[in-house]
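Consider the two complexes below, in which subunit A is the common component and subunit B and subunit C are the respective partners.
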Partner chain A sequence: MRVTRALNEKSLPIIRYQQLNCIADRFAARIANNASPKNIKNIMSDALTVAERRRPWLLLAPTLITLAVLMVIPMIIMFTYSFHVYLGNGRDQPDFYLGNWAEFFTDGYYHYGIWQTARIAAITTVMCALMGYPAAYCIAMSRFRRKWMLLLLLILPFWISFIIRTLSWIHILGEQGAINATLRWLGLISEPIPMLYNEGSVIMGMIHFLLPYMILNVYVSLEGIDRNLVSAARTLGCTAWQAFREVTLPLSLPGLAAGCLLCFVLAAGSYVTPLILGGPSNFLFGNLVFDAVMAELNWPMGATLSMVLLILLGAIAAIYSRYMGLSRIYKGLSR
Partner chain B sequence: MKMDTTKRLERLVERYGNGGLERRTFLGLIAAAGASAGIMTRWSGTALAAVSEVRFDGWGGIVSEALRKHAFDPYEAKTGRTVVEGTFGDEIDVLTKVKASEPGALHVIHSSGIEWYKRYADLGFTSVINEANVPNLKYVMTALIEPFRKVTPEGLSAAPYDYGTTGIAYNTKYISKEEAEELGANLLIKPELKGKIGALDQMSTRVWYGALQTGQDPNNIEDIDAVWAKAREQRELVKKYWGSGAELMDLLSREEIVVTDGWSGRIAHLQQEGFPIGYLDPPNSMAWMEDMLILKGAPMAECEELVNFMLEPDVAIAVAEGQNYPPALDPTKVTLTEKIKNLPAFDPTGTMKNLTFADPNYWAAHFDEWEKQWNRIAKGA
Partner chain C sequence: MTQGEPTVELRRVTLGYGGFIAVKDVDLTVPTGTFVTLLGPSGCGKTTILRAIAGLVPALGGEIIIKGRRVNDVPIHKRNIGLVFQNYALFPHKTVFDNVAFGLKYRGVDKAAIEKRVKRALDVVRLPGVESKLPSELSGGQQQRIALARAVVIEPDVLLLDEPLSALDANLREEMRVELKSIQRTLGITTIFVTHDQEEALALSDCVVVMDHGRIEQAGAPEEVYRWPASRFVADFLGQSNLLPGQIIDVANSGATVRLSGGGEILVRNGAGAQLGQAVETVIRAHRVMVRPPGHETGPNLFDGRVQSVAYLGGMAAYVIEGEIGVHAINTIDRQIFREGDRVQVSIAPEDCVLLDDKGLRIGH
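Right after this comes the complex of A and B.
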């Protein structure tokens, strides 16, 4: 029995091919002696030498240690902090105090914050999808020989600081900004149009920040579609629009969904954009965390709210993974 | 005489070599030196490393520019030590940093005065200055130093440095001086100015002005609900709650807003730049003083030397002229320039009796409750 039979012998270096065959022979011998199907998985694992079994862990160790130190442990600390008691004036003490969680569950202010965050993030995501899909389609279908240049242009804004990119909107949307100044110069308006420090400017700022994520995800998905399918649809009598609707769009939906997930999660976790471009009532849940930690020095409540945000966004990612598979995002990032 | 470790060990070897020290004693001392080096904590490492540089955190913008030009550059030239600068928009940012970091990470802060001083003291972040190392404290107004002594009777941790007011800045193209003086604090809630009003996103300022708008004493508010009602009323009219001096100046200069409460020095700077901005201190306008606070864990000798240098009359006057805030120097002891005498909030008597400062104990007692409530109101609650 040769497990590697399906592999193309020519596609592998000889040494690697021989190693695979060696492992396969060991599997075959063990399975022949103990052919119970439920034991096959254990047999395959046992057939690897100790060194072979350790190798993936050794390779993963730096990443796992980094993740544990920089993400898992801080999250555990944050979670335990949510049970501390806030004593006032910036002081707190360790305890098993449920008051912070009780306050979150019973206080409508926080619930409104979640609703407002979900609403603004959803609007941003839909706008990104509507604007990002045509752009990604144009790039993917372009016959331009230097397509990489289009993609480079797409990620060019990432070379500039996020804060500076956000601040730049003040000089575009402001009363003395580029748009109002142009409209006044053209004589189209006499009084400046208020475009800054409201929900619209917050959403605009977030679209500016998130649109490349959407375009890249959709582009990867569109690039993976076999063009022959569209040609076949056209040959069978579809119009260009029908071919797009029946073939291209359904096949690109996973990329669109991955882009939507990224945009929604990043938008919902944002707090700088509302701080710079928002008015008094344009805030997201992240701003409530900021207030609790930075303004009130109430770290236990800040930790509680941070955990809430983490759980909610994690739940959204989990639901997405259940129905769409997070592998779409990995695929998008790996291509 | 101060001696570094290398010199001390060299002298030890020399004594041993000359027969002035028994072998057992010599080895014992070497072992002790090794042990002390071995058990050195990272905090002491930070403190030692900091001797070649002093960390200073300030307000950025024109204030930091003035300090850099008139105080830090000359100090660096004189001592060979570097002043590493950090900036913040709101002092709560820096207090959070202090809380999150180890003692010694931050050294000197351009702090917002007595009520903030009390907060640092209550959290155990203050140090004790050896006043013999800061002889220039004798030039500072007694009226400014005494409140600090009351908060930390065991010794000062800060030296008062400048003072100013948070008054009302208005664009004279849209609001006349007469109207501003007539309405006073109520100019900030004039319905006709809806969408053109700015306000500092800070609880203490909002409560202070709410108290003035409801006719109450900001240091003894009897009806806080009335103050919150005014805050809500203003929120509906406000275009932007600003968070830093740079943002304040940007909003006013671009005419995004035409009236706001603002810091006297920043407004004076705009006026000097030629912008049509008027400034008004209504009765009981919010006065504050700023101090150079040396934090616990900072290298004291070096920080004291820096603060003393900054309090040199020539240096303090140059900084004051640069940042447009009067210095804490007593005008009865030091001759100040005409420019300083014409700055907003300047008190020629040196007694500070014309200005209303926040009562640190009163405000500290209400901080948590009011801060939380203000954050909610600012967001529409």
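Right after this comes the complex of A and C.
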């Protein structure tokens, strides 16, 4: 019984391969018979049987259904909520009311929120890039045999709850925290230095949780660079630094850009970090949504602000994918 | 072969990394303008030598001298070296022009001159007009030419080629081989070529350096290395050879006579220094074992035999002969091809035999 199962599992890839070959043969035959470029698309779909054409959709179905039920539909509901009228005391009424949107467009407080969010997210992203790139470079170039262990160290913090990791900063930066206590014990200060509940501590907390994303992205693109390219640049007259600037850096830009996008979007969308580590003025746009929904129970305004954040971050991702998608770097790498 | 001031000289060079010695005490001289090939199986240290000359691998001992200058401590970018990689290593994010111009830019050549020299280099590799393309838009053979153009445009002291043809398919490889040789001749550039393909080595080189286990087994002109293998390894690695064990039973002015363990006696012309009774191996190239119809020839080293098997190779046929002497033979088919079971006469010229001692080293010469 066991043997037959093992055999079946082993032979599975072979069967798939044969199927692929079979499909390829059918393509080839039809293209040979009927080779106008116009027809090729039709031929490609004709060559697949109904079952074969259905297969990708079957495989995608669980993901598509999950996304639809848990993402698309709730967001549509959210969007309709932004047109509801808020009646006070957590009650609202379905309507086509533009007041929430008008309030967002006219109230300078929200605009300031967007500006502050963009600024803090940008600073965080730049810091992550500056700190993450050298780390990724060291891991990628390391001759250490168990490289996976270095990567594991990078992912290790994810095993601890995000909230606990964020709260831990209070014990480091707080008035009775590790830094102040040490400095006081050394007699360097008499009054604790205020390090918590300001913009710096918010950025610190966000770098703490975003840095691995940056490092992993940069690492992957550095790993993909042919080492001979650097050697080639060196033999052609580059110093090590010039070779880095001419070859390694430009070829790792896609990874750096992906890391930056991820860091920026995640930073701009976060609200827990400013909630725990920020002062009253260090809010991000996410905190405005949180306040509208949780504190004021004003769901229509919360929905409006959520949609704004979604549209802004979506636009940034779209601009990125359009720019990077057309860039020469990508083209150069896609051989 | 131009005999002049050597361009590259290795003196008792030892190379290795991480406690592993890849090359030990190697001496090598590459005269200016010549095409020298390092030939050997993978892992023999040939690529390591090439990378050491380029400066990519540090020398653990000995001296590397380029154009009379000791370069052991000269950093890579200050050695004037053109290196072509097996996988081309073209910069994928730069156009062909920028790839070829790269080395010139770092040599401070002015823009107008760069343009002229890049154009000339692309003409030399017969790929004019591709300046604005990206490497990924070119075929493998074209990328290889660009890599060559990029290496020669800087007019390096020495051109290093690391198995540059091995990534190409068979037809293209042959074509590029001819082209490579003609480019090298045209430019008169000193070239060190690394390959594991003996045909490539014999076809291209002024000098073939056969390597094994980090040591040079033999260095010499292709004909010399092929005809007079200095060791068992060279005899075995280069071409197809019969290695017949035996014992010297007579030494005379005309040569030595060997009694073969498998039966038969064979006269060997080049056995100066062979001792009576010494155990030897006789090396005979398969191409030099002549298979003829019975009673066809007279002279020494004639054996009767029978064709045990035959493989038809087009212009040639490969035979396995059994009988008085058991040998492999590869012969041009002139009139007829012998069939399995045919009676034949095998003749081996005494000049075509080489004797190896019990350590696998050549006796005589």
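Assorted remarks:
Note that the second predicted complex is superposed on the first by the 287 of 335 C-alpha atoms of A that agree within 3 Å, B and C clash if a C-alpha of one lies under 4 Å from a C-alpha of the other, contacts with A are read in each partner's own complex, and residues count from 1 in each chain.
Operating definition for what follows: contacts are C-beta pairs under 8 Å (C-beta built on N, C-alpha and C of every residue); 3 or more make two chains touch, one makes a residue touch a chain.
For clarity, every value in this text was computed on a predicted model and none was experimentally measured.
With both structures placed on the common chain, the touch criterion links A:297 to subunit B but leaves subunit C unconnected. In the superposition on chain A, A:280 contacts subunit B only, with no contact to subunit C. Once chain A of one complex is fitted onto chain A of the other, the partner contacts of A:245 are absent, as it touches neither subunit B nor subunit C. With both structures placed on the common chain, the touch criterion links A:196 to subunit B but leaves subunit C unconnected. Once the two complexes are laid over each other on the shared chain, residue contacts for A:54 go to neither subunit B nor subunit C. Once the two complexes are laid over each other on the shared chain, residue contacts for A:109 go to subunit B alone; subunit C is not touched.
Legend: residue contacts after superposition of the two complexes on their common chain; A:229 is shown touching subunit C, with no touch to subunit B. Counting contacts as defined above, no subunit A residue meets subunit B in one complex and subunit C in the other. Within the complex formed with subunit C, the residues of subunit A that make contact are 226, 228-229, 231-239, 242, 246-247, 250-251, 328-329, 331-335. For subunit C in complex with subunit A, the touching residues are 51, 54-56, 75-77, 79, 81-83, 85, 87, 89-94, 102-103, 106-107, 134-136, 150, 154. Those residues of subunit A that touch subunit B in the shared complex are 88-91, 109, 113, 170, 174-176, 194, 196-197, 275, 279-281, 283, 287-288, 291, 293-298.
Here subunit B touches subunit A in the complex through residues 92-93, 95-96, 99, 119, 122-123, 195, 203, 235, 238-241, 243, 250, 254-256, 364, 367-368, 371-372, 375-376, 378-381, going by the rule given at the top.
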